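The same subunit A turns up in both complexes below, where it pairs with subunit B and then with subunit C.
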Partner chain A sequence: MITQSENPPVIELCGATKRYGRKLACDAVELNVRQGTTFGLLGPNGAGKSSLIRMLMGLTPPDAGEVKLFGENARVHNTAMRQRIGYVPEVHCIYRWMKVEEVLGFVSKLYPRWDDDLTDQMLSAFELPLKKKVAALSKGMTTKLSLILALAHNPDLLILDEPTSGLDPIIREDFLESVLQRHLCKGRTVLFSSHHFDDVERVADEVGIFVDGRFIARGSIDELRSNIKRVQIVLPDGKLPTHIPEQAVFQRLSRRDWTVTVSPFSEDLFEQLLSENHALGGNVVDLSLEDIFKDVIRGRKRQLEEIET
Partner chain B sequence: MLIDPKSSTPIFRQIADQLRQAIDSNVYQPGEMLPSLRAMAIEIRVNPNTVQRAYEALEREGVVETRRGVGIFVAAAHRDHLNAAEQRLSSQFSAAIRQGVKANLTPDTVRSVFEDALRQILVEAMQ
Partner chain C sequence: MIGALIRKDLSLLRLYLRSLVAALIACFVAAAILIFWDVREAGQSFAESRFMIASILAGGTPLGLIVVTIFSALLSGSIITLERSDRSSQFLACLPPTRLQNYLSKLVVVASAVFLSLGICLLAWFIAYQLNHSGEMSLGSSELSKKFKETNHPPVFAAGSLRFADAWSNATLYNLFPLFAILASTTGGSLLASWGSRSNAVPTIFGLLTPIILYVAITIPIALLKLMSFEEAFKLFSFVTAGFGLCCIVASGCIYRVQREF
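Let's turn to the complex of A and B:
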């Protein structure tokens, strides 16, 4: 049985707010990630995902609310807390003038739980050249080094910020496999942001769609899929939809085909849409996570445009 | 095993269906041990919890059985796979027919669509 629901929370955000000038990067965010859960953070560029992750890492304090890791307030100078976290940032910050072996030697001293055997295993799996300078590594190699630095000290929590963006599919696969083998399969916790929906669907237990500083949808992938569905309806000739439900998040009309994405979906709602619009026919389409994401984001954009005009 | 994350079929279902096919075609035989959750998760690169859900679904369907602390085995009693295949086909048809009925197709149309499709497949098989 999956027993994560009884595990203690590793990440807790309670009304966490972060403002940069006029921009509200995180708007009273609530989040609870339990031990052993893999949480996928999805959102368009500029949604505030990196701000959220920086608050988790204690790199920037919240303006209001609480950010807790392992039950304690997240602060950058809490060494014991930092030693329990592995972090792969969006932009790797590794001393570029050091050789790979020097970086490993240097970073390993910072972590009492550093595992040399694990490091060697990953080094040979990734075929990383020990004698090369970090500045001379390709983007893929730098990411792999960053992952070794994040995993070799057996962290309880792994935080990945767009870890595989810009990497070729083979390196993405190696990366994912390592995270699974060396971290996930040991029942540890992960929070990662990504634009690769394939990766998210493969490894996430829970996902959250983060837009304009808040979660607009959250749950297990199956929950999102059963809650958010697309209904296709054939309207009578020359008729426009007369009954647009409040559950509609996104809609599109082309000739007689009316497509409306609804959240939450129910069979009753579907029947209601058919009868109230005098539909000639209709069906319900299950969506992939990527389609759900696109419809929810597009729907929200339109909503905002309507408010502005 | 091929996982398609873009499919609207949940990943745990894709795993369960493919394992079931492998068992039906004797890739794994009754009484044989299946790969562990971890091994399977790493091999096909999915969350081990998802593999666990696939195994749980197969256990509920009587295809596999868990021996605590040992592993997951193809159920010895799993001999009636023809019957199981029929059951699965029946549930797939039900879903398809429900869609047709929703789209206001008459029972006669549903029947003729089915028969056309079957005829088409038989013709293809003969060629």
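Let's turn to the complex of A and C:
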């Protein structure tokens, strides 16, 4: 039996670097997403997520390094490879002068695996008006059309850049629970970028936190939760923390309460923190993906501020 | 796949293509109005109705050729810039067709529209010639005087149109070559200039100016230095213009293929 870790890599980034003038959007990014994996890409605005996705789609070339999809250079436009990819961009650039039915008619001719039944199902689920021009659609409606275009040809790789933005909660739920889950059941690979942590938590096997053009944390959600934990320590009156471990990602002191997020966490580290800081007490808090993200980002920001000062 | 791309590009340019059809019709309508007015002002009438039709078709042809030249620049200046201006080129870049297929589809659409409208103009010219000469044997002469009932003062525009219809007899592929050269240069110039612009105005103007600039650059120095006769200089201009136009079309395709950003 083949496990997921033995599957061939579908997405490979090897030292992929992208600059826009002085701004470093992607800094020697290394990434391997294997077949059948759903990879959640998390990051604040301006972290470089969209640049990374644009490099994957061949819309912008890397300044250095390699970007491969299905083992082939993503920059070289290969029709057969493109027919295996479904893509939902953050900003939709579908022909605005076309009607919805014209867009579907045009795009369906380009994919040999286009599924008309699936298209009809999604059209009725999303209540998309066929006779309306794309220019007249709302942002949410355009996102729905983009999702249909990306999913209806049953792609082996689905690249979604903020796919649920603009969708109302019911449609978002429907998309995640029904449409996307059905796609995932078929063992397909998904790269999913989102600001909605619960969306990512629900569907992703692996998560990467992308900040300032590089991954600062990566792994399965369970791995991240077991590795990154928040330790709450009560210090004696008038005392400051004396031992700050190098594993500290982010820390906050409020009177006697010292909260420190550590990565990687271990029971030994917890005991060490209690003893070396003469703690009156302490406990370990499991973090949600959102809390992990916030602490990692805040810690990184503070680290940069300290370097600057 | 190419079929779907061609249909998409035809839809993209549908407004311009409809305008081209309307402009071509307007050319022949304008010629008809001018001829009727001209004939009436001269107090004349055509000897046979076929001469009237011949003069309308022949009178509309030069206007039609000007329209075709303008639209060759407009269509080729719009086919790439329209997709760049609304960023739908990014949508297209993520779809399976290669850049070469995308470019070929655009070229097929522009070339078909230009050649079809050129063909209509040449057909009108050919029909005008045939109508002008179909009864020549019975008339016994192709003289202009035989074509109007009153022959003292033949109407200028109508007579000129019929003379132009006669010129079809010299319209060999060789003689029509400068026309093809000018259309190739307007198309190529516009396509090449599309890469520096998101609006279709600049490429269209550049395309229209291309044969004029080449004409000035080639014929004026030759005339000043008296290097060759005007006919030879015009022949050289035709070959250079055609070559430049084709080079621009190929160069534009290469840029489309290797462009880094969309």
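In the analysis below, the second predicted complex is superposed on the first by the 301 of 309 C-alpha atoms of A that agree within 3 Å, B and C clash if a C-alpha of one lies under 4 Å from a C-alpha of the other, contacts with A are read in each partner's own complex, and residues count from 1 in each chain.
We adopt the following convention: a contact is a pair of C-beta atoms (placed from the backbone, for glycine too) under 8 Å apart; a residue touches a chain by one contact, two chains touch by 3 or more.
The shown structure was predicted, so the numbers you read here are calculated from the model rather than taken from an experiment.
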| item | value |
| --- | --- |
| Combined model on subunit A: subunit C and subunit B, fit or clash | fit |
| Subunit B versus subunit C as contact partner of A:L287, first or second or both or neither | first |
| Which superposed partner A:A204 touches (first subunit B, second subunit C, both, neither) | first |
| If touched residues of subunit A are counted for subunit B and for subunit C, the larger one | B |
| First (subunit B), second (subunit C), both or neither touched by A:T60 | second |
| Touching partner for A:R82 - first (subunit B), second (subunit C), both, neither | second |
| Subunit B versus subunit C as contact partner of A:E101, first or second or both or neither | neither |
| First (subunit B), second (subunit C), both or neither touched by A:C93 | second |
| Superposition-derived minimum Cα distance between subunit C and subunit B (Å) | 27 |
| In the complex with subunit B, residue positions of subunit A that touch it | 2, 4, 38, 173, 176-177, 180-181, 184-185, 197-199, 201-205, 221-222, 225, 270, 274, 280-290 |
| Interface residues, subunit B side, partner subunit A - complex | 3, 5-8, 10-11, 37-38, 41-42, 45-50, 52-53, 99, 102-104 |
| Sites on subunit A touched by subunit C in the complex | 57-61, 77, 79, 82-83, 85, 87, 89, 91-98, 102, 106-107, 109-111 |
| Complex interface listing, subunit C residues touching subunit A | 1, 3-4, 7-8, 11-12, 86-91, 93-99, 101, 260-262 |
